[in-house]
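A, B, C, D and E are the chain letters, set down in written order, and residue numbers restart from 1 in every chain.
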Amino acid sequence: MIVLLAVLWQIGSVTMPYLLPPLSAIGETLVGNPGYYLTNAWVTLQEALLGLVFAFIASSILAIAISEVAVLRRAIMPIAVVLNVTPLVAIAPALVVAFGFGPEPKLIVTAIICFFPILINVSVGLRSVPTSVVQFYTTVAASRAEMLWHVRVPNALPYLFAALKIVLPLSIVGAVVAEMFAPGAAEGLGTAISLASSNNKLSVIYASIFILAVMGATLLAIVTAVERRVLHWHDSHSASDD
Amino acid sequence: MIVLLAVLWQIGSVTMPYLLPPLSAIGETLVGNPGYYLTNAWVTLQEALLGLVFAFIASSILAIAISEVAVLRRAIMPIAVVLNVTPLVAIAPALVVAFGFGPEPKLIVTAIICFFPILINVSVGLRSVPTSVVQFYTTVAASRAEMLWHVRVPNALPYLFAALKIVLPLSIVGAVVAEMFAPGAAEGLGTAISLASSNNKLSVIYASIFILAVMGATLLAIVTAVERRVLHWHDSHSASDD
Amino acid sequence: MDSSPAIRIAAARKIYGSGATTLTALDGVDLDIRPGTFVSIIGPSGCGKSTLLRLIASLEEPDDGDVEIFGVSPQAACAAKLVGFVPQSPALLPWLNVLQNVSLPHKINRGAEKRRPTAAAAVSNRPATDLTKLLHDVGLGEALHKLPSELSGGMQQRTAIVRALGLQPEVLLMDEPFSALDEFTREALQEQLLDLWDEIKTTVVFVTHSVTEAVRLSDTVVVMAPKPGRIVDVIDIDLPRPRSAEMIKTGDFHHYEDLIRDRLQAAWRSPELPTAA
Amino acid sequence: MDSSPAIRIAAARKIYGSGATTLTALDGVDLDIRPGTFVSIIGPSGCGKSTLLRLIASLEEPDDGDVEIFGVSPQAACAAKLVGFVPQSPALLPWLNVLQNVSLPHKINRGAEKRRPTAAAAVSNRPATDLTKLLHDVGLGEALHKLPSELSGGMQQRTAIVRALGLQPEVLLMDEPFSALDEFTREALQEQLLDLWDEIKTTVVFVTHSVTEAVRLSDTVVVMAPKPGRIVDVIDIDLPRPRSAEMIKTGDFHHYEDLIRDRLQAAWRSPELPTAA
Amino acid sequence: ACSTDEADSAAPGSTAGSAISAERCAENEAAGTVTYLTGYQYQASASILEVIAAKELGYFDALCIDLDIQPGTGDTGQNTQLLASEQVQFTAVSQQNIIQAQDSGIDILGISSYSNVGLEVLITGPEITDLTQLEGTILGQKGELPPTVGAMLDNAGVDVGSIQQVVVGYDPSVLTRGQVTSLTGFISNEPNLLEAMGEDVTVWRPYDEDVPSSLGALAVNPGFASEHPTVVEDFLRASFHAFEYCEENGEECVGYASALSGEGYDAEHNLKIWETEAGIVRESQTGDLGAIDTANVEAIAAMLDEYSLLETPVSADDALAYFEPAFVTAVYADGTLVWPAP
């Protein structure tokens, strides 16, 4: 599979040299300057994860709020949709005006990108508890908080993990896009990509994307491993071929 | 809630006129030139939905493939992750180079953005069938296709609808971002936003975002309504407060 | 003991669905249950037994009529943790092991005692239950740390029983709790249930399909019939306690069994029930 | 009828878990079941009855030993749609109504007949079942278009029974199919089951906790004991058929009941089962 | 016949093929639809506005060129790629972009340039009177420091390393709000915006510090150029013709761009952009309008080398090979644009 892709790429790089750099060129820049990529990757990773943490906290709280209180659903969902459909690249510059050149604008962009999938998945998960279970805990008058914590939240975990799988790679894209468009960035792979693209350094662009992909795949592998441990009780993990 | 936001906005627009235009200015441009916004919205909506349809088909097929065949999971997931972590704004230009000024690059960008959430959610949903149900249909030797069609796919619907709620607004962002970064776009709200931002017309930018938000919220309301009809049997819809 | 009823159901009606598909699950149900009595409910499948239990357990609102527990609403009774409920399907949490599943209700609604209505206050303040011992007693001693998916059907059911018994509730609502148990396990659990009932003087409402079990355990047997779901008979069982294995073979016992079977059969003859070939 | 067994289980062993938490659910189980016989399995809760049934139904692989149906593997038998399975929990699809739930298995694996092994071929080619009629017969005539969530526990169980019967399988595996049914519904369904069995000469493996039911229905009663799960007795019931309601009261019948209860009690005395107080 | 679908928008006096011999018309038509990609949307910059105007005025029709205009995003690297891949035949870039593209293996050919004054400038408040005052302050830029601005600072003896660089957006008020001390910008854009806000600023042009650069260069796909040299010539002819027209009729030309762009076009500001850039072009003009100054190309190549902005250093001859001044030369006779075409 990977070999096949590599061959296709090489053919592409010969027929469209203005579009795809040869793999050797990508390899050279990676090997020639590993420090550059590692430093930038580390910056981007930090932004991505920090933004994700904020998004996770905010969207989990809101997911709980909207699945508990119908009024809040009607108030919050439209705002969430607005955040979700706002093209961030259009407002990233405005964010710097509001928040300065520090990491805040980047974290905000990353958090906004990651926010919605968690919100939706978790709120569906919170409401997907089997009726018989809810009924039993109603007879012991579990408070809303207790029902949430002991019943709904664990029940939402499969949905949460699905959301995390979606959102971990997204957080990286968010950080990169923020670096490209939120003013103030001087480091990170996003910055590297925009510098390279204004200088037509195709090999640097694709080397950066390669690093991003490796980061994304690693993060995904980590969630998947954690999920396997945490959700061993869930039907999705009982299949023997899993 | 909305009133509160409007008041906050107005305060913001007075203290930071370079950041937020007064609401009245937004209203004026919307009312003054509704045809402009409607035409562009229609273009963007078409791109968004068409891209979404492609993403839906591709990711559903792949979700089925990876949840059925473990080998494919190992082959396809890395590629999916690469697509998901590639900053599309960085490759949108390359797509135009490869595919020209037609709608293709925009559809591809939109489809890539929508692809991953559907893939992940649906593949989790396909595997979350209660063991006892799978076992019964194993005793009548349901083929994989039959198990899929009659058992796994309906069982994945709650997850699919969650994915659709995430992805419908995303498809709009995808189309907008594509319009902003794929040269050659002469229409659409993304184009409107980048033109306006090159001319510092804040009111047009925010009017366009407002239209985008309305589109996103409408699409979300439609899926939610469809979900309510289709998933009436699911626990998430049995609560009386729903 | 108080003379006011532990459970009072008056003219209760419950309707499911709407329009053309309306189904009257319960209609004109009147029932008073004195504190400390053991009442069994018996009736054809689908006649509304579970619905009635859910009504008492605050899980359904009657469309008409009233339900009270110790003079307060079912909600208030549940809030005071007066109610122990064994649902027809075990409803265990798949991510908790057996011990965790039966312990969780204790961690929930801790301030419940304060909300107990006076009529039920007398019977509060018992020593906390030893759940591990209770689980051992029902034969789950080696399954304490198993997940529900690793249990047999009967083991799941026993877990659900312990979960309710552990609460030492004033009102114990059990929906076919022993249906998945073999005769001997069932008998052992019947003993344990009666012991507990004797000890904490709880009020039990017990849905069963076994006439023998109903007669053996109950002070009163309520016979229900379907279409609409209603009470057709309330039979007091005037047999001395403890009721030993020998008593089951006595004429008195058989008399009650036959009486109840008779009423049950009449109820069962109502339209649209399985046709014996 | 062929003299080779319909179901052959040889030295079957099934182990759950690994390491410290290993549990031998079945050990050294040998059982041959002749075609057309009605075999009941009875034993304490958790002794491995459902596991044994799942082994026959191709839902578990034995860790040791062999299972065959009509000389082929359980998988092959299922592929030929020889097997009808009534699981302990109904396992209905929540998005399909009763009629759709029982119809779905017919839409599945349509080419099955071609795969039938010769030993079972003789009994193929029966007229298709009228599922609506079957549902009416079990008392679900008015529930055809209800979703599982709108059914009572017993109604769900009857749906699962019809789903299996409708397949007219050569081998019918039923795991406590009548546990949630009242005595009269149960009796009616017993009649229907026996009629069907008589008519299509199917082989039935029937897990039950009711000794009376086992004696009434079976040619052979298999008694199991736990720790490890094993067969402790195989008792042939030499009573004439049809076995009427009167026969249940005869000494011969009681003899069998007492015999089985005796064996069962011995099995039940195995360590770590509920302690009668 | 030449494309007729824009016939109704043609300005008076220009009808299809009216400014060209039939033979040359046929040659031009053989190229089919020719696509031009703007540098940045429909901005009224030199190299964009006159092409839009030429089309609307019917000049391309008159020369039998079927021209399609696509708006660029401002990413010049992308423009060069699209040109090399022949998705477009003409595009607006700078001479420096052309040399850098060639360095990355992207084969394109420079055919014209309006001025040696570069587009990119540094803007400061009036209190800055010497660039060395910027040492230790914050400089706002749009992704990276333009090499010409860097060279300017360097030439002025500034320790560039001591300046903290931050990326900012396109709103120049970061400067006047004091968030940055200096700001990179485009010669006709931010200064005009700031002036419109009533702000007083100083504009530092690299050109004035002897840093070579360019404004309004056009590039062509080399394969296309060798196949259809008359189209290249006549494309330039129509553009230059329109440039002259728009110098006189700026408002009308900006109106064409505004109509193409739709709501959100700041016609007033764009007119200023046009007037500023056209003024610079004329003020710094060294030869015929649009003619390539080979000395400037050599100087740019040397500058790029000096600041190590190329993978492989280029010699002056290498750099000159990336440009073909003959197309411009061909459209002038004795210093006047030949119109109509031969």
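Methods note: a contact is a pair of C-beta atoms (placed from the backbone, for glycine too) under 8 Å apart; a residue touches a chain by one contact, two chains touch by 3 or more.
Remember, predicted model here, so these are calculated numbers, not experimental data.
Path length between chain A and chain D in the touching-chain graph (shortest route): 2. Between the contact lists of chain C and chain E, the overlap consists of A.
Counting every residue number used by either copy at the chain A-chain B contact, over half are found in both chains.
Set against the Cα centre of chain D, the chain with the most distant centre is E. Each chain gets a centre from the mean of its Cα atoms; for chain A and chain E, those two points are 39 Å apart. As a whole-number value, the distance joining the C-alpha centres of chain B and chain C reads 50 Å.
Centre-to-centre separation between chain B and chain E, using Cα means, comes to 37 Å. Inter-chain centre distance (chain D to chain E, centres taken as mean C-alpha positions): 84 Å.
Contacts with at least two other chains are made by residues 75, 77-78, 81, 85, 170-171 of chain E.
The set of chain C residues touching two or more other chains comprises 89, 149. In chain A, the residues that touch at least two other chains are 16, 18-19, 93-94, 97, 130-131, 180, 194, 197, 234, 238. A list of each chain pair in contact follows: A-B, A-C, A-E, B-D, B-E, C-D. On chain B, the positions that touch chain A within their shared complex are 1, 5, 16, 18-19, 70, 75, 77-79, 81-82, 84-91, 93-94, 97-98, 116-117, 120-121, 124, 127-131, 134, 158-159, 161-162, 165-166, 169-170, 172-173, 176-177, 180-181, 190, 193-194, 197, 205, 209, 212-213, 215-217, 220, 234-239, 241-242. Residue ranges of chain D in contact with chain C, taken from their complex: 16-17, 21, 42-46, 49-50, 88-89, 136-139, 141-143, 145, 150-155, 158, 175-176, 179-189, 191-192, 195, 209-211, 261, 264-265, 268, 272-277. Taken together, the chain D residues at the contact with chain B in this complex read 54, 57-59, 75, 78-81, 83-85, 87, 89, 91-95, 104-105, 107-109, 112, 147, 149, 163, 167, 173. Taken together, the chain E residues at the contact with chain A in this complex read 75-78, 80-81, 84-85, 100-101, 103-107, 140, 143-144, 165-171, 174, 179, 309.
Those residues of chain B that touch chain E in the shared complex are 18, 29, 33, 36-37, 40, 93-94, 96-98, 100-101, 180-186, 191-192, 194-201, 204-205.
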